Amino acid sequence: MNSGSTGPFDVLVVGGGPAGLSAATRVVECGKHVAIVDDNLTLGGQIWRGSPRGNPGLVDLFEPLRQSLSKLAVLSGTRVFDHPAPGVLLAEQADDVCALRYDKLILATGARERFLPFPGWTLPKVMGAGGLQAMVKSGLPIEGKRVVVAGTGPLLLAVASYLKRHGAQVVLICEQASWSALAAFGLRLIGFRQKIKEALELQGKIAGIPFAANTWPVAALGSSKLESVTISRGGKTSQIACDYLACGFHLVPNTELPLLLGCELENDNVKVDEFQETTVPGIFCAGEPLGIGGVESAIVEGAIAGLTACGQKPSGDSDLFRARRKARRFARLMERTFALRRELKDLPTTNTVVCRCEDVTYARLKQHSSWRAGKLHTRCGMGPCQGRVCGPATKFLFDWNPDSVRPPIFPARVESLATSRNGT
Amino acid sequence: MPSPVELTVNGKPVTVPAEATVAVAMMIAGVACRTSVSGEPRSALCGMGICFECRVVINGLPHCRSCQILCQPGMDVRANE
Amino acid sequence: MGNSRFEVVTVGAGIVGAACADEFARRGMRVAVVDRDGIGSGATAAGMGHIVVMDDSESQFALTRYSQQLWQRLRAELPDDVEYEQCGTIWVATDEEEMMEVRRKHAFYGERGIPTGVLDANRLKENEPNLRDDMAGGLLVPEDVVLYPPCAARFLIERARKHGAEVRLGVSVAKIGEECVRLSDGTEIRAGIIVNAAGAWSAEFTPGIEIKKRKGHLVITDRYPGFLRHQLVELGYLKSAHSLTTDSVAVNVQPRKTGQILIGSSRQYGTEHTQVDHGMLLRMLRRAQEYMPGIGPMSSLRTWTGFRAATPDKLPLIGPWPGDKSLFLATGHEGLGITTSLATARLLVDQVTGSKTEIPVEPYLPSRAAKEIAHA
């Protein structure tokens, strides 16, 4: 990958997960040049993470891309951090920086896990649910280890199953949502509704893994690393000895790049028209940044965005619009089902660290009336995570709304920040 | 069959599976990646490169996100103090 | 909330407003502070927090020196989050012409009792190993200080509160003058003394104040403890601060107590938007890398902008506003707001109470502009 300017691409897709891959596929099918830029080591995003084996949907998407390599540029390990001029994004790699020029832009930046603070959550071996899965996929030995999976959302089941298949002893899945909310929820992706029915019948097991609703972590215990987890289950607390705690409270959209580009948001989600175009002409958005919708929303919205970006707007009776409506109905149901209960606001104690980059405690933050004041006076949010961890947490705990976004939207070397729009 | 990788963590040799990340190497070695501002040991949280808790020093370069970096033979990895 | 009556109302809870409120309150007066935002949200939030003596003019020197001494006396009471650190300043010279300027400054400060040291190229390198190798030398000013301004402003506000001051944040002001501060919701706060400490926005409340917004950019890195020991300022800084019209950058690099490096500086006129200007950022960072190449590979975490309040003669406005017996100004501090905040408060309160001021106030009086117009 040479430094300097790259492109101009007909379409630049930011994010190589399902939405981005789906969009790029349609673009190559239309005969245009497309580049996918993605921070991770391999494509596939946070859910599929790399290997297409065992993921039939991904194989379908990859095939057209594989056939059209001359029209496709893949920039992995590449992080977009600035937008110095119209039609240009600056991105950084391990040893280089480049200016990516484009005619149309598709934002498929996906989502990240929501982390909520509780006593002991900063101990080593307390990780996100997707976080532990990612580590195992990256070679972490998990066979024979005791794992508690906690938090909320369909990701917990996917992670628990994955860990079990790799030999972990998943002691319990702790889902904070209520049984009634879960029972009303139909998740077709992994036959969730069926499994909930099973669980109710088989006294609380899903795919052989113990599952408890109305349950959440109260504390993680250990001296220099995790040794056990205290959970609250139906009003009673109990302690579970374990090697890892995989804990995440569903997902939040990555809206930093859309905000930097001036796209309008509504209820923290990027606003788009029926063809996935944002409020900035020529910039499209698909998937999680529009609202957490999972793989199905991502694939269909990526397709609509890809087609429209090539001037091939799908016609009004296209199957895509029906598929999208269905997917987004499911997304709204998911949001309702996994809404956070208010007991979670009471988990942190005065000394619980909320901002992990700067070690700012709950007590210090509570004194302030806004994100901006909290940030200014305690440094919460001023660390390298740039508020990605503490932002959603403080939003839930204190109803704080974040500041405006400024470059770099991801930490970048000073010399990269000082790069011109030409990449030099 | 790609072979395991040998590197050092805080001066001690560690062997990891092929294509393992440095964060995994730290976990296998049982060494916390960094020490927080108030002195707490910290390791990977998000596993996807956004939390920065997994920062280590690789071959002398500080603030490397270990969950996004593949282990290379002979790498010198140290906790980011 | 209904109307109310105080002896003093300070409009602005930035470092200058906070210092004034604190000074008035400690002298036993009933004080109210109002700000449309939080404590220390304007230039106080954006600036570098460098407490520095400057020799641009005798008046600037007198004010910065007086105020620096006040900070030194306050040091012991400041809480940890103010991060007061006497790291000193080094004015860096790149050639012999700039070394002459170093020697001139050394003589100037020496005559006035400020300890400084002339560093040749070797001594400079010993003091700051990460400076580029071929520097000519520099001037070390060991008594200069760095602190974190928003927490300093909060300390002063809290101390004012302990002496009875009332603080109203998130409150928009519509009009000030004639013993009255009228808020946007229509309520009025009446006081015999109103202080306009609204910084870059002062002229909005008191038309006729000659203050222009001077935008600056800053960048902060992740933690690299030991990389930098002193605040480093290029000697071209004064040229940049001098110009009344052109956009300029000048190297100004600061070690924070956290080990993070704060990189500045830039000055721009005639722009009101707060967005980061890529072109200015580029110029500023490239120049900083010329002085300290090791900055290039450092991880940068944030960039931001702020507006300094700049006056035509580069001195602040401290004192009564002609034409309104109740109105006083404490504004126009450009890049020296943190440094001169404490002295500003003293000079203002001394004038109001009729006490003798520690240094002559004439150079800072708001009426000086009016006098110039009268004589023109």
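Just so it is clear, A, B and C label the chains in written order, and each chain counts residues from 1 on its own.
The rule we apply is simple: a residue touches a chain if its C-beta (ideal position, glycine included) is under 8 Å from a C-beta of that chain, and two chains touch if they have at least 3 such contacts.
Predicted model only: the values in this text are computed from it and were never measured.
Visitor: Whose C-alpha centre lies nearest the centre of all protein C-alpha atoms?
Guide: Taking the mean of C-alpha atoms per chain, the most central one is A.
Visitor: Looking only at C-beta pairs in contact, point me to the busier pair out of B-C and A-C.
Guide: A-C
Visitor: Among the chains, which is located farthest from chain B on the basis of C-alpha centroids?
Guide: The most remote chain is C.
Visitor: What is the distance, in whole Å, between the centres of chain A and chain B, each centre taken as the mean of its C-alpha atoms?
Guide: About 23 Å separates the centre of chain A from that of chain B.
Visitor: Compute the distance, rounded to whole Å, between the mean C-alpha positions of chain B and chain C.
Guide: 43
Visitor: I'd like the Å distance between the centres of chain A and chain C, where a centre is the mean of that chain's Cα atoms.
Guide: Computed from C-alpha means, the inter-chain centre distance equals 42 Å.
Visitor: At least two partner chains per residue is the criterion; list those residues in chain A.
Guide: Those would be 383-384, 411.
Visitor: So which stretches of chain B touch two or more other chains?
Guide: Residue numbers touching two or more other chains: 37, 63.
Visitor: Which chain C residues reach two or more other chains?
Guide: 222, 297, 299 - these are the residues of chain C that touch more than one other chain.
Visitor: Can you list the chain B residues touching chain C in their complex?
Guide: Interface residues on the chain B side: 37, 61-63.
Visitor: Please give the residue numbers of chain C that touch chain B in the complex, ascending.
Guide: Touch residues, chain C against chain B: 222, 224, 258, 297, 299.
Visitor: Quick check: in the complex, which residue numbers of chain A touch chain C?
Guide: Per the stated touch rule, the residues are 82, 84-85, 368-370, 372-373, 376-378, 382-384, 386, 404, 406-408, 411-415, 417-421.
Visitor: For chain A, which residues are in contact with chain B within the complex?
Guide: Against chain B, the touching part of chain A is residues 39-41, 46, 77, 94, 112-113, 115, 122-128, 130-135, 138-141, 224-225, 353, 356-359, 383-385, 388-389, 411.
Visitor: Flag every residue of chain C that touches chain A in the complex, lowest number first.
Guide: Within the complex, chain C touches chain A at residues 37-41, 45, 81, 150-151, 154, 169-170, 219-222, 263, 274-276, 278, 281-282, 285-286, 288-289, 295-304.
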